[in-house]
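Letters A, B, C and D mark the chains in the order given here, with residues in each chain numbered from 1 onward.
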């Protein structure tokens, strides 16, 4: 069977999508936002608790959608928890470059390796939006204060 | 199967491969491929007889005008409309339905007036009515379908009341394949003095549509699902209605006389065709319809039905799939979902096997809600599909299960 | 003439004959011919990569979606728009202008509010505003042109008042060839807080349009006059405006979420592109614009100007013709009338000589009234015309005089 | 020069268009109607005085347009004057067949000959509407009583 498919749907992705980490609402969220892809119906809602020092103390999400969108949300939540907003946004930029198949500098070796489980998406341009939905939603949640 | 021979060799694209596998195109309900004769017709007009229509007296303009008006006659013949002037060319069925909404219903609707539609409508036959709800306080009355997806004329009748201003119903569901009992619905609606718009986007390619026999008041079709080009569709409407309808878009071709402070409008159908029309596309659509009418249509219908029945049967091998839509006499559209696998993931695996299907809400979100699913995978058949396509679909689904399941 | 070499061999139709005479196509302002590369591009997409766009995850859908969205970028590049999402695909410029009328202005207009337009507008930039007059009591304020057809920014400025809600002005007249001082007009309107829509149907093919530099708020173009297919056009609008605009047509692709009693809409530009778009046509338009941008455009403009100047000069040999429109720096459009010969009769004689020109009111009746003519004959030049075309025009006009005059 | 052009613009047509017969308004018209071709802007207004016996006692027209439309109006006015409404309508049917290049039975030899000066129009399909405008307008004027 197709190698790039195996890469896309590798075990860790399927595992994230079947057993999403940090799934569920958050009562004391400081930021939240619901993201939606009208073309495919994927939905994800991100909850964040950001401390006074700009650190993401907690993150959780709820969602419904394909394996890629849900695994991406789960992976993201795992990764940004405990980081500062600025770090999370840097991670997001790296992730977006990665799934678009562009070169990714600027990330630590560790982060690059963790994110690389989703590198297979770059072979599936129609699925890039699934992979980035959670990240864009987190960004909107973080921006909401200024914007709304 | 049947004696119908699928005209595959008319479609160049069907012989291509996708990721090394021969293409199995089962996304026909989204859009059909176009036979060579359609592309040739458009090219020939463009390279030998093209100019803008109607207002020119020169030779090329005459050739293009004749082609354009002949296309109108072809559409009328295809739908068995009594008069070519009952055909208004549009960009597609979406625009055809919006035209009815803006030009017929909007000026007649008052707060509290009702529009009857079914839960299986495509967004194109929902959103224009939502506009009238948002803007004028119209009330949308929804008719449910049965659990097998079938639609009952009684159920439609039951919600038509004294405030109903229009029944807007899909002739064939793009998700369930359900064929609405249109003639019956029209008779019930007319008995209460209510006109009926049918969205024929899906039915026109599979059924032999006779708008006269159906007695339907408005009927929308779209070229790209009829083996025709993109950018063209048509509204059939009875003269009686067209005459009363105000213009939709304003521009060239649709006016009577324009001065700085006064304006009169042309008679239908010109009144509704503002601006330079899709000239080459109308000609291409006519070529597609001529091609389709030259097929053994009853044979094609039976053939598609047998393809569908075969695929439907084989899906039973895959108990982890739930089929949505099992109405009797339905069209060759097979929608299904799986609890553990998302439609997009299934479709992605299928794609790598060369099998093109659609996954998602199919622009029918109320129907998704009705069946408590967020999306389905949909395989839809055309007259050029073959039994092997169904086999390849089943095999690819098995691989998807292996990989995702 | 100039060093520009007209790319005639790209156009198969230019080598045909009409009634035994080689075709002289001088009806370019009505519609331009399409280079082979445009027809090839459409055919190639149809035969190798066609499917419906956006909602599909399969390969063909990805190919078509990419082509469609790339076409949007090409249009943005062609108009020097800052962002591809400022481009909305429409059926043509008529629909583009109607979109602004329905989605931007209609919800904002009140009885007594004013719309400023000029007497040289095409009906497509008149009728949508007449609708707002008829339906909401808007007032149309008309700016006159000078006797030579030129339009003065001061004259526009003079009628913009506190009740003006929009200035709607043709960038180039399809009858006079007059080029409006658009940048100046925009600056004056903006100084009074009034947005400007420019009808670029005629200008975009001759001028290098930079919507950023012009600072225009809305700009409409139409594919078939840009050496592109029929059935496609585009509206450029600043993000600022698109964001505030309500949907126009309702259907697939333009929604956020639809339930039975609630609806949300997609962001621009999708919000304004209901239904299956003209996919093959958008791709064809992109091919046409790429082709056009690959030409020496400054050279082509100078070349067209020299062709026009030559034809204008030679018309002086025919004192029984009165030329309408002699503004400085005008486009290559030559309109004329004769007291004794009707435009249709002239055009009919010219046609038998193989010379295709347009005759009539050119969808600009207020302009006809302004110049006290009921119709004109119009010869309009494209970059594939040659000096011999002008000579053939003059000779054919002499024959018309002989026969009719 | 092109034969069919010579036939279209033969002297009698040009003469009719330059010196139209029965041109002008009519004060005591029993029927009138204004016809209009929005595509080319041709206009013609027909005035009729129909007697109690169904005879067209007088006819006149005003108009603006191409040689074909004006000549046709002039020729028509000349021909139907003094005939009954039924005869005029029969003449109209014959004329329309003629300019479309269809066979014309049902007309007298004389009428056919008079009308035949316009037979050249059949070679110019884009001009058929010019030729028939006056006739359709007369028909609308005659029908107006019932219709309005």
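Assume a residue touches a chain if its C-beta (ideal position, glycine included) is under 8 Å from a C-beta of that chain, and two chains touch if they have at least 3 such contacts.
Everything numeric in this text was worked out from a predicted model, so none of it was measured.
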Suppose you hop from chain B to any chain it touches, then on again the same way; how many hops at least until you reach chain D?
-> 1
Given the pairs A-C, C-D or A-B, which one repeats the contacts seen at B-D for over half of the pairs?
-> A-C
Expressed in whole Å, how far the mean CA point of chain C lies from that of chain D is 38
So how far apart, in whole Å, are chain B and chain C when each is placed at the average of its C-alpha atoms?
-> 31
Which whole number of Å gives the spacing of the CA centres of chain A and chain C?
-> 45
Where in chain C do residues touch two or more other chains at once?
-> 19, 55-58, 61, 255, 257, 344, 348, 359-360, 365
Touching two or more other chains in chain A are residues 39-40, 124, 126-127
Residue ranges of chain C touching chain A (in the complex, touch as defined) | 54-58, 61-62, 65-66, 255-257, 266, 270
Would you mind writing out the residues of chain B in touch with chain C in their complex?
-> 12-13, 16, 18-19, 23, 25, 27, 30-31, 33-34, 36, 39, 42-43, 46-48, 50-52, 55-61, 91-95, 97-98, 101, 119, 122-124, 126-131, 134, 140, 142, 222, 224, 229-232, 247, 249-255, 257-261, 263, 274-281, 344, 347-348, 350-351, 355-360, 362-363, 365-366, 369
So, in the complex, the side of chain D touching chain B is made of residues 36, 38-40, 124-127
Using the touch rule from the top, collect the residues of chain D that touch chain C in their complex.
-> 1-2, 4-6, 8-9, 14, 39-42, 64-68, 124, 126-127, 130
So, in the complex, the side of chain C touching chain D is made of residues 19, 341-345, 348-349, 352, 359-361, 365, 368, 374-375, 399, 402-404
